[in-house]
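Next come two complexes built around chain A: one with chain B, the other with chain C.
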Partner chain A sequence: MNIKELIARNLQNKGIKYFTRPSFYFLLKILTAFWRPQKGRWPQKISLSFYLDLLHRAYRKKQPVVWTNVYTPPELIWALGGIPFMPEIFAAVAASLGLAPFFLKKAGEAWYSTDLCSFHRGALGMMHSRLVPPPDLVLATSQLCDGAVKFLEAASAFYQCPFYLLHIPYPVTSPAKAQTWLAEELTALARDLKPLLLVMPQTINKVANHSNQAREHLLAVNQLRQQIPSPYRGSEALSDVTMHLLALGTTYGTAFYRHLEDNLSERVKNKRPVLPQQKYRLLWLHFRPYYPNFLFDFLEKHHGAAVAFEEVNAVTWEKLSVDDFWFSLAAKILANPLWGPAERRVVQAVSLARLYQVHGVIHFAQGGCRQSNGSVFLLRETLRRHKIPFLNLEGDCIDERNFMAGQTMTRLESFLELLEG
Partner chain B sequence: MEKWEKRPWIDVTCSYIPVEIIHAAGFTPRRVVFPVEVKNKAFSPASLPVNFCSYVKACLHPNDAAGIVFTTCCDSMRRGYDLITTCKKPAFLLDLPRSLTSRTTDYYQEQLLHLANWLVEIGGKPVTRESLANSMTLYNNLKYQLNNHLQESNNIWEFVLEKQKLIQAFLTTSPEEVLKQLKVNFWAAGLKEKGASSLKKIPILLSGTTLPEVSILTNLMESNFNLVALDFCGEARFTPLADNFSFSANFFELLKDLTLTYLNKPPCPRMVFQERRAAYLANLLLSSKAKGVIYYSLKFCDHGLYEVPLWRRICQQQKTAFLHLETEYQSSISGQLGTRLQAFKEAIQGRFLT
Partner chain C sequence: MITAGIDVGSNTTKVVILRDGEWLGDALVLTGADNRGSAEKALAQATKAAGIKRTDIAHCVATGYGRINIPFADRKITEISCHGRGAYAVFPGTRTVIDIGGQDSKVIRIDAPGRVVDFIMNDKCAAGTGRFLEVMARALEITLPEMAAIASKSKNPVTISNTCTVFAESEVISYLAQGLPKEDIIRGLHEAIVDRIESMALRLGVEQEVTMTGGVALNKAIVATLRKRLKQTLLLPPQPQLIGAYGAALIAANQA
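The block that comes next holds the complex of A and B.
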């Protein structure tokens, strides 16, 4: 019996309680500390330690657990003294372990439609299975999608805990005013949460400094990725994005990106690309399928197509200010090109395509993601005007039942033939 | 031709858009209730994903309006706005907060000021305290009369289609025209049909995201259901101003009152917090004495889909049968849905609660 089968079998019975004990994660954390990875695998060790530490602390309940949605800056919750927990990320982790079908079924049993985003359905299934650390409060931000707010609202009702919604101004009219308004909103939120969380200026300083250091390393990593051939595997980068979504503001985040920078520098210096034969360079839009599948092997190994960069790894924000933390955090939130008119995303895609000298762009169309899929028309038209080949690849990041292997392969092959021509 | 008939149209896509401001700027606001066929070449069906809200697709339908106002009510609407701006049609996106606090009220009020300015940019009149007060009075009068009609016609099934027509007229015609119609046609029809009996029919509550279509109403009628309460976007969720409402002498205060009126109306599935919505639905169901709830949502509407577990919970608590129907906007009801309605009726009659 392999580990996946063991976990899946335990999910069905009383064995589930082991996964919700802090000691379980503490033990794994200790074991991880003894792991001496090969050169170049240190970021993976840091990432694993971070998640085990996060789960250990979340189950230990010494600090309040704050559920929030992806793209809420984690620095916000670290600075408030809470432990940020993004259930969508853990839905992806469950998918990578092959456990998503179990949780998706659970969500279906609770009457959540299969037309909803599978990131949220997976998270809802985990919630109904009680296999995630229960929140002390839920903090939703109205970016990027509706599903996140509704899902978190349902979570707050399920756990009977306070729910806070941070309205993120839609950056259409007067962006400067939007930033001031949001900064005031963040300040008010920090004040409101004071009785629940610990807001201490020294925490803010620490968080801002860690975040800024990690940002510098991430910028360096992104610059190294401009090298041809590519020094970093796109599939790994799309998994490691969770560190930038959740670990910024912590020592783990800084260490992870420092090691990654060292690793890529060494690869570039010694001319050791991740793929020996790199025929094409691609830009990837949106996330990837997280369940085990052939997609990246097919692209990288069979066709020598390297994903040179991903829009979700772009650094779009400025440094956080220690003196005016909330104002700079508001700027970071509003600088996200995935929030606001689709034109912002399109402009970024074109500029990344130029910067990373890609041969084509692939948009992975997550089944239930209206906000991303709705901008495909504009992406396609604009990229066509710039003579950049574009492929909209339909699939699902979490629900493998919506991944059509044969169809995907045919479409990818046609696209790569087009690049050849 | 009456004066109001020369006013250009402005399309609105959400019931949280204060139509009074548009009217005060010299336009006639009109809710989008068009057929789904999108003939605009810029937006062939291939332009939008298959799994995309059909109501948004309908909002992109080309027409004679001088402009269109969207809200940030959902992801699909935001993308609809993105698409329509590419074909140079005047469009405005109103950033609608989801919650009701003093800060979000101020924020929305500022957004409404941006809307008023945009209306001037596309050829409207500047909105003043007087023009806004006049429009508010006109719409309030209309809402008040309409509410009276709807309440009087309650429990009279034959009235449902008439009610629907009236609500559609309220949403898509100039307020002056609807007031005229109310005085002439509707009262006459009402008096004539008031004697119709609704006995032996199964009382149900119909809820959903956009207006119910005539086909579903006809089908319900044929299945022997009696519609005792409605909960739809733009319908039954509007309330006239309070009796003691006083029109402030200051433009900004008046605008604030209007903002509060809209944000305080019975919440739609998109708004938080869920308790407020849950309490509203539970009261509506309790007061209607319905034996069943039919929840009618559009395909790929996330807000609508997240409402299903909530409705199920309420129906379970009140021991009421529940049916969820999902269709495309303005598509006629299929035989399959007809069969489901029939099965639902039998379940209620047989006291098998879902």
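The block that comes next holds the complex of A and C.
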């Protein structure tokens, strides 16, 4: 029996207690500390240690656990002295372990429609299975999707803990005003949460410094990825993205990106690309399917098509300021091109396509994701004007029942044939 | 040089054999559960029709959903490229191809030299495909060729509001129970399919000339309705259901 089957069987048998004990994660943390990874695998060790440490601390309850949605800058919660927990990320982790069907079924039993994004359904299923660290408070940010706010509100009701909503203004007419307004909101939030959390200037300094260091390494990583052929697999990059969604502002985040930069530099220097026979370069929009599937093997091994870059890995924000932390954090939030008018995302897609010299762009159209799918028309039209081929690939990141193998393969292959001309 | 194209679709498997681009022979068999077996059978029939031995085939390209299961094919190419290529070879003025097959439908845009430049395929369900018509023919206890003939008599087509094939079947049964004329129900079904195709075509943009391929192009009522909706002349190859296999055989000739 492999580890996935073991976990799945325990889930079925309701023998889940030890998954929710801090000692379980502590033990795994110790075991991981003894792991001497092969050269090039250090980032994996660091990200595993980060997740085990996060779960250990979240279950140990020495610090408050703050549930929040993806794209809330993790620095916000680290700086407030809490432990950020993004259930959507853990839905992806569950999917990668082959456990999503169990949680999706649980969400269905709790009346959640299959129309709801599967990131949230997966997370809701985990919540109803009581297999995630319970929150002490829930902090939703109104970007990117409304589903996230409703889902987090449901979580706050389920666990009977306070719910906070941070409004993020649409940075349209007056970006400067939006930033000032948001900075004031953040300052007020920090003040309100002070009795619940542990806001200390020293923590803010540390968080800002770690975030800035990681950002420098990530910038270097992204620059190295401009090399042809690619030194980094897109499939890995789309998994590793969780480190900048959750670990920025921690020592883990900094170490992860430092090691990743070293690996990629070594690959570039010694001419060891991940795909020596690279025929096509692609830009990937949105996330990827996280359950085991053939998609990236099919692209890379069968067709020599490398995902050279992903929009979700772009560094779009400036350094955080130690002196004016909340103001700079507001700027980081507002700099996300996935928030606000679709035009911002479209402009970024075109410039990334040029920068990474891709042959085509694939948008993975996550079922139920209004915010991403809503910009497909503009993406397609603009890319077409720039003569950049575009494929809207429908599928699902978490719910494999919505993944049609044959149809996905035909669409991908047809797109690659089109690139071949 | 002799080349073969094999199109393993969800309903039927087609083979076309060419000598230096000239049509030598073809075959069409039901696919059934055994893709490989039906490809072998179709190939055997086609070689017989062409009057050649299997070993005479210099290069073979497989296409269609079952393409990955054809071990004797030298290359596998998608049906998008093969239908584009086949339609262009028959009508070189083709810039848009509408292919309605058993399990999926697609609209393909090709440029002046005949390269595929864009495409769109139906979403995950069977609405807008040949399978939809088959299921409905069964519910109405008539054959597919009868369907088109009956549909053309309708003056007052019903609206089929369900896109799901299973629910649309219940809708048909409820219309029958209400005593509505069969021709109006059948015409309504044709309109429903055309709705799907029309919306895909308009999304991609229709450029003259438009060629229709795939087995459903044999249905005169669908062709007439689509022609009216798109306000376009639709070019019909002599055997539209073989165009994918024909395109595959042409690509095989280029790649040998």
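Following the convention adopted for this analysis, the second predicted complex is superposed on the first by the 420 of 421 C-alpha atoms of A that agree within 3 Å, B and C clash if a C-alpha of one lies under 4 Å from a C-alpha of the other, contacts with A are read in each partner's own complex, and residues count from 1 in each chain.
Throughout what follows, contacts are C-beta pairs under 8 Å (C-beta built on N, C-alpha and C of every residue); 3 or more make two chains touch, one makes a residue touch a chain.
Only a predicted model underlies this, so the values are computations on that prediction, with no experimental measurement involved.
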Contact breadth on chain A, by residue count: chain C or chain B:
B
Scan A:Glu417 for contacts with chain B and chain C and give back first, second, both or neither.
second
Based on the superposed arrangement, let me know which partner A:Thr316 touches: chain B (first), chain C (second), both, or neither?
neither
Identify the partner contact of A:Glu185: answer first if only chain B is touched, second if only chain C is, both if each is, neither if none is.
first
Return first, second, both or neither, reflecting whether A:Met404 touches chain B, chain C, both chains, or no partner chain.
second
First (chain B), second (chain C), both or neither touched by A:Ala157:
first
Check the residue A:Tyr170 against both partner chains and state whether it touches chain B (first), chain C (second), both, or neither.
first
Touched partner set for A:Gln357, first chain B, second chain C, both or neither
neither
Chain B and chain C footprints on chain A meet at residues none
Interfacial residue positions of chain A with respect to chain B in the complex:
110-113, 115-117, 142, 145-147, 149-151, 153-154, 157, 163, 165, 167, 169-170, 172-174, 177, 181, 184-185, 188, 341-343, 365, 367-368, 370-371, 373-378, 381
Chain C partner, complex, touching residues on chain A are 389, 394, 402, 404, 406-407, 409-411, 413-414, 417-418, 421
In the complex, chain B touches chain A at residues 43, 47-49, 51-53, 72, 74-76, 78-83, 85-86, 93, 95, 97-99, 103-104, 107, 110-111, 114, 270, 272-275, 299-300, 302-303, 305-306, 308-309, 312
Which chain C residues qualify as touching chain A in the complex?
65, 68, 77-81, 104, 115-119, 121, 123-124
